[in-house]
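Every chain is named by a letter (A, B, C and D) in the order it is written, and numbering of its residues begins at 1.
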């Protein structure tokens, strides 16, 4: 049915056969590692820069402003200028800090977001590793970044940082539950944890449409909980600009600060990509049941465009949250999780299990 | 059962208030006409300050390079910050009497708070506010200005 | 709201040592420094006056003496009174703190201490306020600062 | 190990954690330093340290003439600059027994209310930002710009206008003034409901502000907390009602009182005051009588020897000016009882036992302007 979607595995297969003709299998694997790594590094940097720009533009339009418009047309290379500035800035050593952990923390944070990118299916056949436990892997890796944040807060010998880090710890650990449960609901629908499998299972409609109201509820819960997990407003307590100046990265400067900054935006990208993949069909075009003609037309739009479009829609919604709501207090944040989101998502899972048992979903 | 109903109604009420807020920001996101930012250096040509704008203190000169300042020193006396200094000179006039004229009307823009007392109290309306507001310079000394133009004279009222 | 004469009568009965100034905008009561606290306490608790709101407290350096001034208002009856006390000994000026009666006055008193050097008995936290490094008492008339003050 | 040591050292029951908030901190709105003693996230006590921008205005006044003093009062509470100016003028007019023309009274009252509106708008913007709703800042400032433009057209400056002189005004209002003010009223009446939708109704905002920083009426009176902060506790302290000045005795308006005494009550007082200010301006703007813009004044203003005391209601509370004159052209002693000075020190009382985030909300709801505290 999805025959005329371009499959990127043909391209990667061609590259593989071409490389195999040039060198021995060991070197082929090595070269492919390096190539994939380079592509990811490039994509990571470009995406990060673009997301910072997008955030600034989105918030500007919401606030009746123009946003960056000086560097380049519509300020499009503003973030590159910012990056150069950050690269040139002095790395300030903090007295009485733990230098090893202090320097290690930004790398932990950035590596975690980097690792999670590997398992996301960007287009048909375009996925670095297709784990059979893909959802589980992404969740595990992305929640590791709390270690980096805690280290950053503890090692920088600043009270603001420490408070921010402890808040972040409490927050990420508790919201992990809701994220897991809301993803679990779709796993129950799809019957697989493999991300490519989940995408394939949405060939006749996205889960948010197929799964009735429970899927919508779990999508909303996922959005809220993942916003909290990536420390973005209204859950940006770890940074809490007006309370803790900059929270856990108060003491960081220059490129180390840029790492935190970049990781924050990439985490936003990752959770949006997961949301798009699991709930909105990932790279799968909009298919409705067995309307063959409609589905054929939709297939002409390349799968990568579908993926990026959906991901950026979710990113926009997350930004919309941030620029509208006041920040929660730490106890209210935990109340929201333990008294509202968790019971609802547990109830939701039972409902979904029931629906699946009765075969009521499409 | 009652508590569950209360729980759910609270939940929905909360969500609806959140949606009300999001509607506002969403509305502005999709209405680029509401942008209020002024593109400052670009709109310099069309940017016109109001005629009462207190940009700096100036001494208007007419086309004959004449001003109205008699050098009485009232503005200097009234200035709360000492940002006006007047150096007067005595020169003989046509009838041979010594007459007071200003040599230099020194104005320290860096000290001025734009209270308007000098302009208000000037008995001969020699001072006024200029609309220029781009005062940034690299050297502080450039903010000390001599208001009377070189070679200017006191305007003689036609009697 | 009591008028001036009624207030005068009540205050006169509460504190026989009080003297009243004539021809002033508000009713001004001058009491000896050691009786200030007792009078303020009576003025606050007496149901006829109920001066419960301390608007302002400050001091004036009259070269010969310091005068501490308290502006009191009753939030129920909306009448105002000015309490004054003259401290003759300028080098060792001391007055009872009213902070037990009016929490607000604690900070006004710290300010006066900071700017005039008037000591307050029983003050909970009498430390320099604006000028934590201590640079004399600038609101005294004999204060000189060659560097920062331009004499006119 | 004794139980005490276990509590002290291992559990850390009595552990104190002192954080300096300020002088450079995003939410202290100026150079205020709060020495906050924390236990975990809970505030045990706090000590405000002020004086970072103490300029000695009271000392400076002793060397300046009365018209010159006016421009210094702008720099105290810069958000209600006009009302500060008026306070000094009222004192001078009181002392010299000058009857200012009706026109001046009307214009002054309109400007008072416009200034109050501008101040409350900035407060709303900054309060939202303190709580993390960053968009409020731009919406508030966007609408404040209208008022500032009106100010700029009439007085030449936007924030510190020194427009009021003893005996009247510096010059007459701009011909466009009435028209633009009316335009602003219609514009702002449309925008105020948006404020409510964006922040007032928001469930997160309710949770952040309701029941936080409770201040009883007795506390408010005892600490001298005036203005909207005091009225949020039911302390009736509106000088515009108690001792009307300007044209306040000619307009119908209500003193806004809330009795809850928490952060939300203080917020509500200010929001409702904005509506009330619009009402006051609307009543006056069409009825400005014709006449002179200043009373006849001597060129050198000398106050008769004596003591003068006058109070006005600024956007933050009660500003009292106390002048001791010895008959010279500059005051012997001039004292400004500024509203924020008293409003600040109640913080230790009402912020005890709340979280850091609440501390920020409380300091936002008290609407502190630091130069006004330091003078």
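Everything that follows uses one rule, which is that contacts are C-beta pairs under 8 Å (C-beta built on N, C-alpha and C of every residue); 3 or more make two chains touch, one makes a residue touch a chain.
If you're wondering where the values come from, they're calculated on a predicted model, not measured in any experiment.
Asks: In terms of CA centroid distance, which chain is the most far removed from chain A?
Replies: Relative to chain A, the chain with the farthest C-alpha centre is C.
Asks: Determine the centre-to-centre distance between chain A and chain C, using the mean Cα coordinates as centres, and give it in whole Å.
Replies: So the centroids are 64 Å from each other.
Asks: I'd like to verify one number: the distance from the centre of chain C to the centre of chain D, where each centre is the average of its C-alpha atoms, in whole angstrom.
Replies: Chain centres of chain C and chain D, defined by C-alpha means, are spaced 25 Å apart.
Asks: Just give me the whole-number Å value for how far the CA centre of chain B lies from that of chain C.
Replies: Each chain's C-alpha centroid was found; their separation is 42 Å.
Asks: Which positions in chain D touch two or more other chains at once?
Replies: 135, 142, 198-199, 202, 204
Asks: Provide the list of chain B residues touching at least two other chains, using ranges where the numbers run on.
Replies: 18, 21, 24-25, 36
Asks: In chain C, which residues are in touch with two or more of the other chains?
Replies: Touching at least two other chains: none.
Asks: When you draw the chains as points and link the ones that touch, which shape shows up: line, ring, star, complete, or other?
Replies: Its topology fits none of the listed shapes; call it other.
Asks: Output every touching chain pair, sorted by label.
Replies: Every pair of chains meeting the touch criterion: A-B, A-D, B-D, C-D.
Asks: Applying the document's contact rule, which stretches of chain B touch chain D when the two form their complex?
Replies: Residues of chain B touching chain D: 13-15, 17-18, 20-21, 23-25, 36, 49-50, 52-54, 78, 80, 113-117, 120-121, 129.
Asks: Under the definition above, what is the set of chain C residues touching chain D in their complex?
Replies: 23-26, 28, 52-56, 58, 60-61, 69, 71, 75, 78, 80, 82, 102-104, 106-108, 111, 115, 129-132, 138-139, 149, 151-152
Asks: Hey, which residues of chain A end up touching chain B in the complex?
Replies: That would be residues 58, 61-66, 69, 320-321, 323-325, 340 of chain A.
Asks: Within the complex, which stretch of chain D touches chain C?
Replies: 49-51, 54, 56, 58-59, 63, 94, 219, 221-224, 235-237, 242, 306-309, 311, 318, 320, 322, 324, 332-333, 335, 337, 341-342, 345, 349, 374
Asks: Residues of chain A touching chain D in their complex?
Replies: 59, 62-65, 159-160, 163, 167, 233-234, 236-237, 240-245, 322-332
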